[in-house]
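Order as written gives the chain letters A, B, C, D and E; numbering starts at 1 within each chain.
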C-alpha cells in the first residue's frame, strides 16, 4: 500500500506519524504554556511519543522483547522525572508562590 | 480503529496545548494517554497498554493534578502574555515539525520496507518473553533503573523535606 | 548469568559509589545530622571512601590493562579514563563541599548521596554503546544533578535554577531518547555499534529516519556539553547551585558527555560515514557560535560564577573544534584538554569556596585584594586563569595547542584563527579575575563586610585548590606523560581509534 | 657539576625562576631579604654568563654554547628542547643578564610594598627573556615569548601608576593578539615541515607558493613588529612605559623590545627570504615613518617618561630600517643599535626614575633649573642624552651611521631615498631631547612650592652613581670601539644575507677622466701614482 | 717624537676630563695650570709635528691608531693626517686657542663655574683638533659635531639665565640641520668611492672628469656645503651665530670668530679636489658666500650691541671666505680664514676688554670716550679695525683683495657685491670704534670706574694685534710682486696630484681692482668715523628719516620672527596633531579601544538572549534542533 494509505490504515508509518506529531505537540506545550506543571506534562508527552514509536517498531519486528524492556525502563525514568520535577515545582512555589515559569526569571543575563 | 485512537491521542495533546484552564488541560492529557494505551492495544501489546494506564493515568496524572490543586495554580493563563516572537516561532516550529513528520515518514525507504516485512510477522508480546529479556539481558539496566528511582526519591526528599 | 571475578573487579568501580550512596542515605536518616559533627564526618568519610575505592579499583584495572566487556558495559581504557576523571572530580568536589556547606551553614547527606549516584551514572554513560544503558546512565547522572542544583533551600534562585535545568534537560533527554528509538527502529538492535553495522549492511546509512535519529542523539550530547544554542541553562544553573556542585557540573558533565560523544559518534557510529561527516559539519557551525557567544557574553558578566559558566561554554567550543578536526591526535587533545580543564575549572570554583565567598557574594567586587591576603590561593588563581586563557607554560595552552594544531593540519585554518581570537577575548575576562585579586585594593564596603563576616577557614577547599594548581602546572611541564601515557592510551587501546 | 657542564644554558635560563619561586615563598615581612637575595642571584647570573659566554671560544658557526634534546611530540609534531648562544644573540643575552641586576640596584628604594614579590617576578621575567633569546626551536621560542608577558603584566599592573590597569591589560592583550595569530601561522608551517625546527620550517616554507609565504611572513612580522614596536603598532608602548614602575620600563625598553628585532633577524627573515625581500619596502617605509613620527610626537610630550617612550619608537625604527636594508652594514648597525637602545634608553628610564623618586612628578613643566640642585645627576643625564641623540664617540652614532649607510647602499631601489629621509630622525632626536633637557635642567630655578625642582633635596647617592657609571662606560666603549660588540655577529649576518641572496649593494659608478685608463676601481684602493703615505704607529 | 703626536688632540681631552671631574675640588689655580698646560702642550707637540711634516718630501704625515667602525665593506680607522692644510689649521687652533685660554684666565677669574668653563674650552680644543686632523670623514664628523656640542655648552654657560640656554639650543639645532647635510654627503661619498678615508677619496677624485651638469658628486658636495653653511653661519643657517654671543666673550672670540665657524671653509678646502669636479656647486658656494657677506654686513650697520656688530661682521667675513672658495680660490679663502682668525679674535677680545672695563656694558650708545682710559685696548682695536677694513699692507688687505680679484675673474657681479660688503664693513667698524672710544662718555658712572684690563688679557691682545698687522705678508699676491706663498704651500693638500690644476691664472686688472675697492673702503670707513665720533645723533636722525629701512636693518630683517612663526610653530602644531589625533584617536581609539568596546556592546547584546524565561531557553533549543535536522537531512 502507498505511503498515505499506510499512514491512514494503521501501518507502521501511521504509528510513526502519530508518534512524531505527539512529540511535536509535547515540545509545543513546553514552548507555549507557562504553567510549569503543564510544561512537565509536555515532556511526558514527548516521552510517550518515544514509547509509541518504540513499541510500533517492536510490533513490526515481531514483538521484540528488548524494546518492551526498554519501554519499562522508560516508564520508570518518566516517573522519576515527574517526581523530581514536581519536587522542584513545589520548592519554587514555596519561595515565589507561583508555578508560572515566566515569573521565575530572576536569574538572567 | 487506528484513526480513532490516533485522533484521541493527538486531539488530547492539542487540547492540552490550547486549553486555557489548567485543570481541563490536564484532563485532556489523560485522554491523550488513554489514546496511547489504545494504540498499544492495536499494536498487540496488552502489557504495555495496561502499564500505560496504570502508571501514567493512574500514578503520574493523579499526582500532577493533585499538585495542581495543591498549589492552586489552575488560574486562567493569558496566552497573549507570552512574547509574540516566542509564540509565533513556536507555532511555526510546530507546523514545520508536523509537516516534516509526515514527509519524513513518507520519504523513509527503510520504514516502508520494514512495514511490509513486519506486517505478517508473529506479533504476540508475552510477559514471559519480556521477563526473560529483562532478567537475562538487562540485569544491569534493571539495577540501574532501581538506582535511578532511588536517586529520584532521595532528590525529591532533599528538595521538599521540611525540617532543614 | 554469573560474572567472572575479573568482571566483578571491573564492575566494582560502578558498584562502590552506588553502595556508598546508599550508606550515606542511611546515615542521613539521622534527623540531627545537621548538628552532630561525627555523623557529618562519617557521611563525608564514607563518600570519600567510596570515591577513593572506586578510584583505587580503576587504577588497578588500568595497571592490569584488562578491558573486560560484559552486560552492556565496555570497561575498556576509555571507560577507566572516564572513571578516574570523574572520581578525581568527585573527590575534589566532596572536599570543597565540606567547607562550602559549613560556610553556608547547613550540611545534608543527601547532597553526597546524589553526587555519588550521578558519579555512577556518569561512568555508566561513558562506558557503554548500548542505547538502553546509555539512556539510563544519562538519566542516572542527570536526575541527581537536577536535584543538586535546586538543593540550596535558603535561596529562591536555587529552586528556579534547578527547575530550568530540569525542564530543558528533560526535553533534551526525550529528544535523545527519540533519536535512539528511531535508530533502533530501522536497525532492529539497541546496541549502537551493531546498529551502525546493520544499517550500513542494509544500505540504510542515508535513510532520513536514521539521520534524524543521529541528529536527535547528537542534540542530547550537545545539551550536556552546553553548546550554543543548547547552553542557556548553564549560567543559571551554575549561579543557582552551590559552588562545588557548579564546579562539578562544569567539569564532570561536560567531560563525560564529550567522552561519550567520542565513543558513540566517531567510534560506534563510525560505519555510518555520512553521519560522521554531517556531525562534523554541524559541530563546526555550533562551535563557532559557542566560541563567539560564550566569550562575548562572559566579557560582560559581573558575577564570577556566571563568568565561569560562560567560560565553560566557550571551552566547550574549543573541545568541539577538536571534534571538527576529528583526527586521532585531535581526540587525544580533547581528552588531555579535559584533564587540564578538570583541574583548572574545579580549582577556579574551589577558589570561591576557599576565599569564603558565600551566597550571592560572588561578584568581582568581592574578590578585590584577596590575592594578597591569601598568597598561595592567589598564586593558584593566577595559574588557573592563565591556563584557562591558554597562556604557556600552563597546561591549558597545550590542550589548545593540540586542538588548533590538528585544526590547521586538517585545513580548518579559518576556524583556528577564530579560535585564537576567541581566546584573545577570553584572556580579557580571565585577566579581570586577576585584576580583582591583585591589581585592585578591596573596596571600603567589602572591607566592612569582611570585618563583620567571621574570618573563613576552608582548609580542605584550599587544599583542593593547591592540588588543582599542581595538576595544571604538571600539565604544563609533564604534558608528555599525560598525553602519551594517559589520554592516548585511552584512545588507542580503548577505542582503537589510532591504528 | 657534570650536569652543569652539560646544561649550562638550561641553568642560566632557569636558575632565576627557581630563585624567583623561593622568593615568592618567603613571607611578606622578609621583603627586604628577598630583594637582597634576588639582587645577589641576578648578579651571580650575570657574572656566570660573562664567564661562560665570553670564556668559551665560539665554534666554527659562531655558536658559543648549545643544547639540543628531543622534548615531546604530543601525538604529532616533534618539539626539540634546543637552546643555543651564537653570534646573533650573544650580546643580547649579556645585555639582559647585565640589565637585570643593574636595574634592581637602580630601583632599590623606589618601591615600598611587596618588594619581595617584585624581585621574584623580575627573576621570572629574566627567565622568559633569556629563554626567548636562546631558544632555537620555534615552539620553545613561542613558549618563552608568551611566558614573558605574565610577569611584566603584574609588574605594570601591581606597581604601576594610576592608569596601571588599563596599561597592563593593553600591553598584555596587544602583544597576545599578535602572537596568537602568529601561532596559527607557526602551526601551519610546522604541519608542513613536520616539526618546529627552524631549518626544516624554512625548507618547507620555500616549497610553498609565494602568496602563502607572504601571509606567513606577515603573521610573523606583525607579532614581532608589535614587540619592536613598529609604527602603527606602537600605541601600547607609551602607556606601558608611563605606567610601569621604573624597573619595568627599563627592562621593557632594554630587552623586551629587542626581542622583536631579534625575532626578525633570527626567524622571520631567514625563514621567508623572498617574502622578506618582497615586504622589505613597506617595512622600511613604516620604519622611516616611525623614526619621524616618533620624534615629532616625542617633541610635544609633557611627561618626560612618555617622551622617552616615544623616542624608543623612533630609535627602534632605525633598527627595523637597518634590518630591512638587507646589507651587512645595515644589519650590523641594527644589531648594535639594539644594544645601544638597551643601554641608553635603559639609562634614561633609570635617570627619570631617580628624578621621580625625589620629585614625585615627571611633568617637564614642573622642573627647570635642576642643574643647580643636582649637578652630578645633570651630568649623567647630559651624557646619556648625548648618546641618545647619536653624538659621535657615543654608541648612538655608530649604530645610526651604519644603519644609514647600509640603507643607502642597500640593493633595493628605495634605499637611497629612505636613508636620506631617515637622517632627519637624527635632527629631530636632538630637537626633542635637548629641548626637554633645556626646559628641565637649565633656565632659572623653578621656585614654586609644588614644583618638582622644589622637592629635589639630594643629588645622586653612591648607589645611584654606581649604577650609572657602568652604563656611561658602556656608552663610550660602544662608541669608540664598537667592534667588541658586533664582531660576533659579523660572520653570521654576512652568511645569512648571502644565504637569502640579498640584493647586492648599489654603488655609484663615476666617470673617469677621458685620458685615464677606463675603470677606476670604485672601492677605495689607492691608484698607483698615489703619493706614498708615511705610515707611523 | 712621532709616537707622541696622538697626544695633540688627547691632551686637551685629558684636561677637559680633569677639569670637569675634579676641577671644582682642585681649585682655580690648579684648573688654570691644567687648562692652559694641556693646550700649551699640544701647541708644542703640534709645532714639532708641523716641522716634521714640513721636512717630508710630499708634506704628508699619516698616522693610524687602530680601527674604529669596521663592518662589512666599511673600514673607518682612527687616524690623523698632517699636511700643509691641516697642519696650518692645527697651529691656528692651538695657537689662537692658547692665547684665548690665557685671556680667559683674567676674564673669567670671578666666575664660580671656572673649572666647568675650562673643561669645556679644553674639550672644544680636543674636538676642533679632531675635526682638523681626522683622517676620515666620520672622524672629521666627530669633531664637527663635537665642536657643535662645545659651542652649545659654552653658549649655555650661564645656564641659570633665561636667554643663554635658548641660544645654546638654537646653535646646536641649526648646526644639526647642517650636519644632516654632512651625513647625507658622507652617505653619497661612501656609495660613490667605497671608502670614507679622506686621502683615498681625494686620490680617486683626482682621476675623475669634472661633472658637466648636475651629477651625483654635485649632490654630495652641495649636501656637504649645507653642513658648511650651518657650521659657518651662512645663509640660510646663519641665525644662531648672533645669538651665540650670549656666551662669555672669550668663547665668542675663540669659537664663534676664529676657529669653529671656519670649519666649514676648512672642510671644503679639505675636499677641494672633489669640489673642483663640480662647477655648479662652486658657483652656488660663491653666490651664497657673496650674498651672506652683503646681507650680514648690512645688518651690522646699525646694531647697538658691540658684540652683535662683531658677530654680524664675522658672518659677513665668512661669506667672503666662501666667495673665495667658490671662485676656486681655495688657498685665498683659507688665507682669509687665517688672517681673519687673528684680527677677529683680536677685535672680540678687545671688545671684551672694553666691556670688562665698562662693567659688562655692551650697548655702544652707552660707551664712548674710552680711548683715554684703556690705551692698549684702544690701540690694538685700531689695529684690528684697519686689518679688517683691508688697509693696504695689513693682513686683511692681502687676503680680501685676493678673494675679490678671483671673484672678479669668476664674474664681475660677484666682485661688485664683495666690494659693497667691504664698504659696509669699514663703515660699521669705524662706527663701532667711534662710538666706543671717541666722543663724550655717555654713561658717566660706568666711565668713572672704567679701567684697563689685567695683563693676562692685554698680552693676548697685543700678540694678536701684531699677527693681524703682519701676518698678511705670508700671502702677498703676484699682483703686488709677491708669490702668494701660502697658495704654493697649500697646493699639494688642495690638489692631491689632481690631473687638471685647480685654476689657471687668467689675466685681470688686479691692481686697478685693488685700488678701487681699497679707496672705497677707506672712504666709507672715514664716513662712519666722522658721522659717529660725536655720538649717535646722526643715526637717530637717520632713523627718523628712514624709519622702515632703519628698523629693518636693526631687526635683522625680522628673520628670527619669521622662523618662529612659519617653521617652528607649524612643526609643533603638527606634532600635537599626530599625537592627539593620530595616536590617541585613530590608532588607539579606532584601532585598539573600539574593538574592545564593540566586543562589550556585542556581549551586552548576546546577554539579552539570556532572558531568564525557561520557555525561551527551550525555544532556542528547539531552533537548534531545527538547525541540526536541517544540516543532517540536507
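Keep this in mind: a residue touches a chain if its C-beta (ideal position, glycine included) is under 8 Å from a C-beta of that chain, and two chains touch if they have at least 3 such contacts.
Keep in mind it's a predicted model, so treat the numbers as computed, not measured.
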item: Chains in simultaneous contact with chain B and chain D; value: C, E
item: Target chain E, source chain A, minimum contact steps; value: 1
item: Furthest chain, CA centroid comparison against chain D; value: B
item: Contact-richer chain pair (by C-beta pairs counted) among B-C and A-B; value: A-B
item: Taking each chain's C-alpha mean as its centre, the one farthest from chain E; value: B
item: Per-chain CA centroid nearest to the all-protein CA mean; value: D
item: Geometric centre distance via CA averages, chain E-chain D, whole Å; value: 36
item: Whole-Å gap between the CA centroids of chain C and chain E; value: 79
item: Distance between chain centroids, defined by C-alpha means - chain A, chain C (Å); value: 27
item: Chain centre separation (chain A, chain D; CA means) in Å; value: 68
item: Multi-chain contact residues (two or more partners), chain E; value: 607, 610, 612, 614-616, 618-619, 622-623, 629
item: Junction residues of chain A - those touching two or more other chains; value: 16, 23, 26-27, 30-32, 34, 36, 39-40, 56-57, 61, 66, 69, 73, 77, 80-81, 84, 87-89, 91, 101-102, 104-108
item: Interface hub residues of chain C, defined as touching at least two other chains; value: 132, 136, 139, 143, 146-147, 150, 153, 159, 162-164, 167, 171, 175, 185, 208, 212, 235-236, 428
item: All pairs of touching chains, each written as two labels joined by a dash; value: A-B, A-C, A-E, B-C, B-E, C-D, C-E, D-E
item: Contact set on chain C toward chain B in their complex; value: 1, 18, 21-22, 25, 31, 34, 71-73, 106, 108, 110-111, 113-114, 117-118, 120-121, 124, 132-133, 136-137, 139-140, 143-144, 146-148, 150-151, 153, 159, 162, 185-186, 202, 204, 207-210, 212
item: Residues of chain B touching chain E in the complex; value: 82-83, 86, 89-90, 93, 96, 100
item: Residues on chain A engaged by chain B in the complex (per definition of touch); value: 3-4, 6-18, 20-29, 31-38, 40-42, 44-45, 48, 51-52, 55-63, 65-66, 68-69, 71-73, 75-84, 86-91, 93, 98-100, 102
item: Contact set on chain E toward chain A in their complex; value: 607-608, 610-615, 618-619, 622
item: Complex contacts: residues of chain C adjacent to chain A; value: 131-132, 135-136, 139, 143, 146-147, 150, 153, 156-164, 166-167, 170-171, 174-175, 177-178, 181-182, 184-185, 188-190, 235-236, 239-240
